[in-house]
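In the two assemblies presented below, subunit A is common to both, partnered first by subunit B and then by subunit C.
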Partner chain A sequence: MLINIAIAIFTLGILGAIFGAILGYSSLRFKVKSDPIVEELDAILPQTQCGQCGYPGCKPYAQAIANGEDINKCPPGGDAVMRQLAERMGIEPKNLEGEEKPKLIAFIREDQCIGCTKCIQACPVDAIIGATRQMHTVITDECTGCALCVDPCPTDCIDMVPVVLTTQNWQWDLNLIPTKNSTER
Partner chain B sequence: MTTTPINLLSEEQLAEISSGKHWSFHGGIHPQENKQQSSKAIIKDAGIPPFLVIAVEQKGESPLLLVNIGDSVLKGQALTKATDVMVVQNASSSGTVTAIEKRTDLHPSGLPVLSVVIATDGLDRSVEYSRCADYKAQTNTQLIEKIQNAGIIGLGGAGFPTHLKLAHYAAIKLLIINAVECEPYITADDRLMQEHGDEIIDGITVLQHILKPQLIVIAIEDNKPDAIAAIKRALQKKQSSQSANIIIRTIATHYPSGSEKQLIEIITGQQTPIGKHPSELGIVMHNVGTVFAIKEAIIDGKPLTSRIVTLTGEAFRKKGNVSVRIGTPIQYLLDKYEFTPTASQKLIIGGPMMGFSITHGDVPVTKTCNCIVAPTLQEMPESPPEMPCIRCGECAEVCPAQLLPQQLLWYANSKDNSKLDEYNLSSCIECGACAFVCPSHIPLVQYYRIAKAEISSAKQQAEKAEIARIRFEHRAARLQQAKLDRQVKHKQAAEKRKQQLQETNGGEDLIAAAIARAKAKKQATADPSDAPADNKKDAVAAAIARAKAKKQAAAEHSDAPADNKKDAVAAAIARAKAKKQAAAEHSDAPADNKKDAVAAAIARAKAKKQQALESTQINTEINPENSAAIAARKARKEQARLHKRQDLPAQIIDTTIAEPQTIDTTIKASDDKKTKIAAAIAKAKAKKIAQKDQ
Partner chain C sequence: MSDYVLLFFGTVLVNNFVLVKFLGLCPFMGVSNKVETAVGMSFATTFVLTLTAALSYIVNTYLLMPLDLIYLQTLSFILVIAVVVQFTEMVMHKTSPTLYRLLGIFLPLITTNCAILGLALLNITENHDFVESIIYGFSAGIGFSLVLVLFSSIRERLASSDVPLPFKGASIAMITAGLMSLAFMGFTGLIK
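Right after this comes the complex of A and B.
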């Protein structure tokens, strides 16, 4: 009788030790360092790093959304991004806060640039090149259109200009007003 | 494009192909061909237009230009430098470069691209072409470079650079020459084969030398019997050991059999997997026009400066195929071949199935422009209005890529890119068969084109966003690192300073010593019961006591001298006072005079000020708060009213002169009083004047 109890306790004890070891190992081996949802949300965001959401970049906003922040604070992403965020978070889409604007990129009027480097410091993606008292210019391909460089400029020589339409980024548009006159027949 | 062969054709398959077996592809349509309009006339030279517009931009990239404005160029001269993917653009006639600027390109968007404009001189002088009889002595690399320098791109329509297609010559088992020309209306390849069969066979031999395929298939649709006959003749002429593995395959007329993947399926029975390139199956395909251009480039040394363009459609009076210099304005062709626009005239570049329309002729002919269709409305009626999809499934039956066009339409309209991807929109060859059979007249291909463009731009944006994210993260990391570095630096500098200080003071910490001293001092003042403080106090007390004692002693001992002293001081003071008094008395008159003068001056100034103030108040009537002013004004007004016709100015002057004197007397009175008095005087004067007048 006593021996049976001892065996049972011993067996369960061994089992407990084994499972504990497995769990302990797997908790170390398969440790999730950061919340994967933040990465996913960050991937949805447009990475303009413009700060219009009130956070210093897209990743902090992704983190904030994961913590329950509103999903409608990204004007550069527009409605499409908001909907994707809503879908990912499993919540209802909301109306976008702020206006959805066409994509712009910064352009430095180079004859007015005094080379103060303030815009270079403001650029979140290092898309402006130049040096002290040397003319600065925007790397068009890298510019996200966040407009963070516009305000610091002491000579107001930075304009936000629309992206130049080329045969490469041109889109078919069926909604153009038809120029054909149907009464001509 | 990867080079790893995944599913090379086996020997059995090749044997099967050469035995004459052929397959078919899913779907397809049989549109009205309309090839007879242009297939009968021989190819004519379109002539030299007054100017040429040669677009040099390729896929949005501007190459390095080798000419400047004002340069004279010869036919065949390179205008641009070749890069990895870009081919050379050559001048297509001799003349002078008049502009290098953005000009409207032959593209559905009608957007301008960087172009070289050449004003032709009509002489058509060309650079010296170096004929190369024995190209077989040259390496593949040399030959491919020659083809790149000749500016050859796929002339069938897509315009893929030929040198890139030839670059993977290692594992090619089957070379297919695409002479299918399945689009309605177009007969450029048909005429080319009829007239230049020998050259085409020569071109094929060049490709055979480069690619060394086991089998070459020339695929021609059975609606071109003359072309088939011409190629057969040419091939028989060339009959040698090399041409033994060249076969001509006549295929049934079936749109879109000329599409690369569909033709591969017809010839080999193999479907090219999604996302794979035919070269991975060991197959490469070249258009027959490209083969002709390769022959000219390699054997004759001539770069690609012209191409054959079919001018067709009932709106052209003179139809047919013409050899057009690249860059010729379409308007020039329209004028020369008597284009007579009708109502709702359309101008289609390419075939009616896959082409696009242009709105004006001020665009140049490019290397991929194989046909200009100008149909009348009878020929090609307007498409009826679009109706809703009834899900009949006819589009799915004709789709050569075996897609589900009705589903794609649904997802394209809802912009569901992930679903479009799931339904393999990227495999759509935009052949237009689905739109052709649609009973609801839905322009399905247009929707797919839009969706494809949107997907590709979304992809581009995602790529850019990823780059932006990486750049942002790198920047954040850099800034963080800089901050840490700065902190470390500051810390190190502080430590160094401390150490230096210690060293200069012989190992003694001055600051610590100073702090200790200050502390000690504080301690000392805070604690009055300390011994030194007591000593001090005692000393002070003793000193006071001593002083008191001394004083006492002095008072007692020398009373008189002290009194004397006091008296002396008192006397001195009295003297001083007396002196002052005397001085005051002595200089009473001058001082008084002076004082009076000063007082008078002050009084005058005050009076003047007052007068000025009052006169302004009176004259301008700006200070209604001042009762005096109001009164004065009233008086003045009254006076003015009474003496409208008499010598008024003199009287006014009179009063203004009189006033200061009056005020002078009252100047020492209070200001309020003064103004009141002034007002009263003014009033009185006015009254007086009024009485006098009466």
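Right after this comes the complex of A and C.
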């Protein structure tokens, strides 16, 4: 009886060992090279894929930062992202490249829009809605102000307009105000 | 030879794993939102099914039977499946990162896909030999792929159609799956 159990355990053990060896070998054979820090930096970046840093997207810029590129080239991320990047890379925060511009968003002059969908294809964050031969418009909450839609427009009907602060788009951040209740807890 | 052809078509159409035996319903519902992912999942599952059929036959015939350890079948088959899935995942990560990202969590979940353990156990209850096991595994995979791709194409169309509010989402998918299952019952008379 006991010998049977021993045989069973031994057999399964051998089977597991063989399979483990196969997996171990194939994990070496099919190793995928990826720099873990690139993934982390890529996760910090805002993923607008706007190309304002001079790289074709956020992942290539993350790769470039890992290889020693400056961390201050991401306008959509702004100061906050730059500080996170600095902390992760263990280097001093720098000022953002160029002066801090007012936040712009795209605006389509709808009477001139011919519905060609070219700006929709250019938009990295899918902030433009519309269909072929239908007027397009910008979802202001989604627009990151990257201006990639301006060049493809054949009728030049897209303007970059500064966002005016109103009570509608003011970030209230009510939870961050240290009221008596929240500090006591 | 004709036995093999019969087994193949019998498994794909008449005894379809998903719609007639109701195995592997989790990926059938989960990965059928887009045709692209469904095709990828089909390839991965077919590959795993075929490989598992072969490996589990070898393990059963040359290891468990001689040592009189039939009661360890389920355990050792799960071991085999886990290894095959891990292997597939590694190969896919290397060869097709896009597909790897698309399939996401469903790739490791093939391990718990009951179609695969079901296949390994059915191979034994139906006394298939080595070649029959492989054909059974492959045709189960083809059957799964056929149904999954058909179903995901229907769901893509459903997404843009005007479905009454109470039927939106999962419920219309369930109804569609039920109707497909009914349709596949029509194949029952095809092969005796």
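Simple rule for what comes next: the second predicted complex is superposed on the first by the 103 of 185 C-alpha atoms of A that agree within 3 Å, B and C clash if a C-alpha of one lies under 4 Å from a C-alpha of the other, contacts with A are read in each partner's own complex, and residues count from 1 in each chain.
Keep this in mind: a residue touches a chain if its C-beta (ideal position, glycine included) is under 8 Å from a C-beta of that chain, and two chains touch if they have at least 3 such contacts.
Source: prediction; values computed, not measured.
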Review point. When the two structures are overlaid on chain A, which partner does A:57 contact: first (subunit B), second (subunit C), both, or neither?
Key: first
Check your understanding: Hey, is it subunit B or subunit C that touches more of subunit A?
Key -> B
Exercise for review: Scan A:32 for contacts with subunit B and subunit C and give back first, second, both or neither.
Suggested key: second
Exercise for review: Determine, under the contact definition given at the top, whether A:12 touches first (subunit B), second (subunit C), both, or neither.
Suggested key: second
Practice item. Name, in rising order, each residue of subunit A that touches subunit B in their complex. Key: 42, 45-49, 57-59, 124-127, 141-142, 144, 165-174, 179-182, 184-185
Practice item. Show which residues of subunit C lie in contact with subunit A when the two form their complex. Key: 59, 63-64, 67-69, 72, 75-76, 79-80, 83, 86-87, 90-91, 93-94, 97
**Study point:** subunit B to subunit A touching residues, read off their complex
**Key:** 57, 59-60, 105, 107-109, 111, 113, 343-344, 359, 377, 382, 443, 446-447, 449-450, 453-454, 457, 460-461, 464-469, 471-476
Exercise for review: Please give the residue numbers of subunit A that touch subunit C in the complex, ascending.
Suggested key: 4, 7-8, 11-12, 15-16, 19, 22-23, 26-27, 30-32
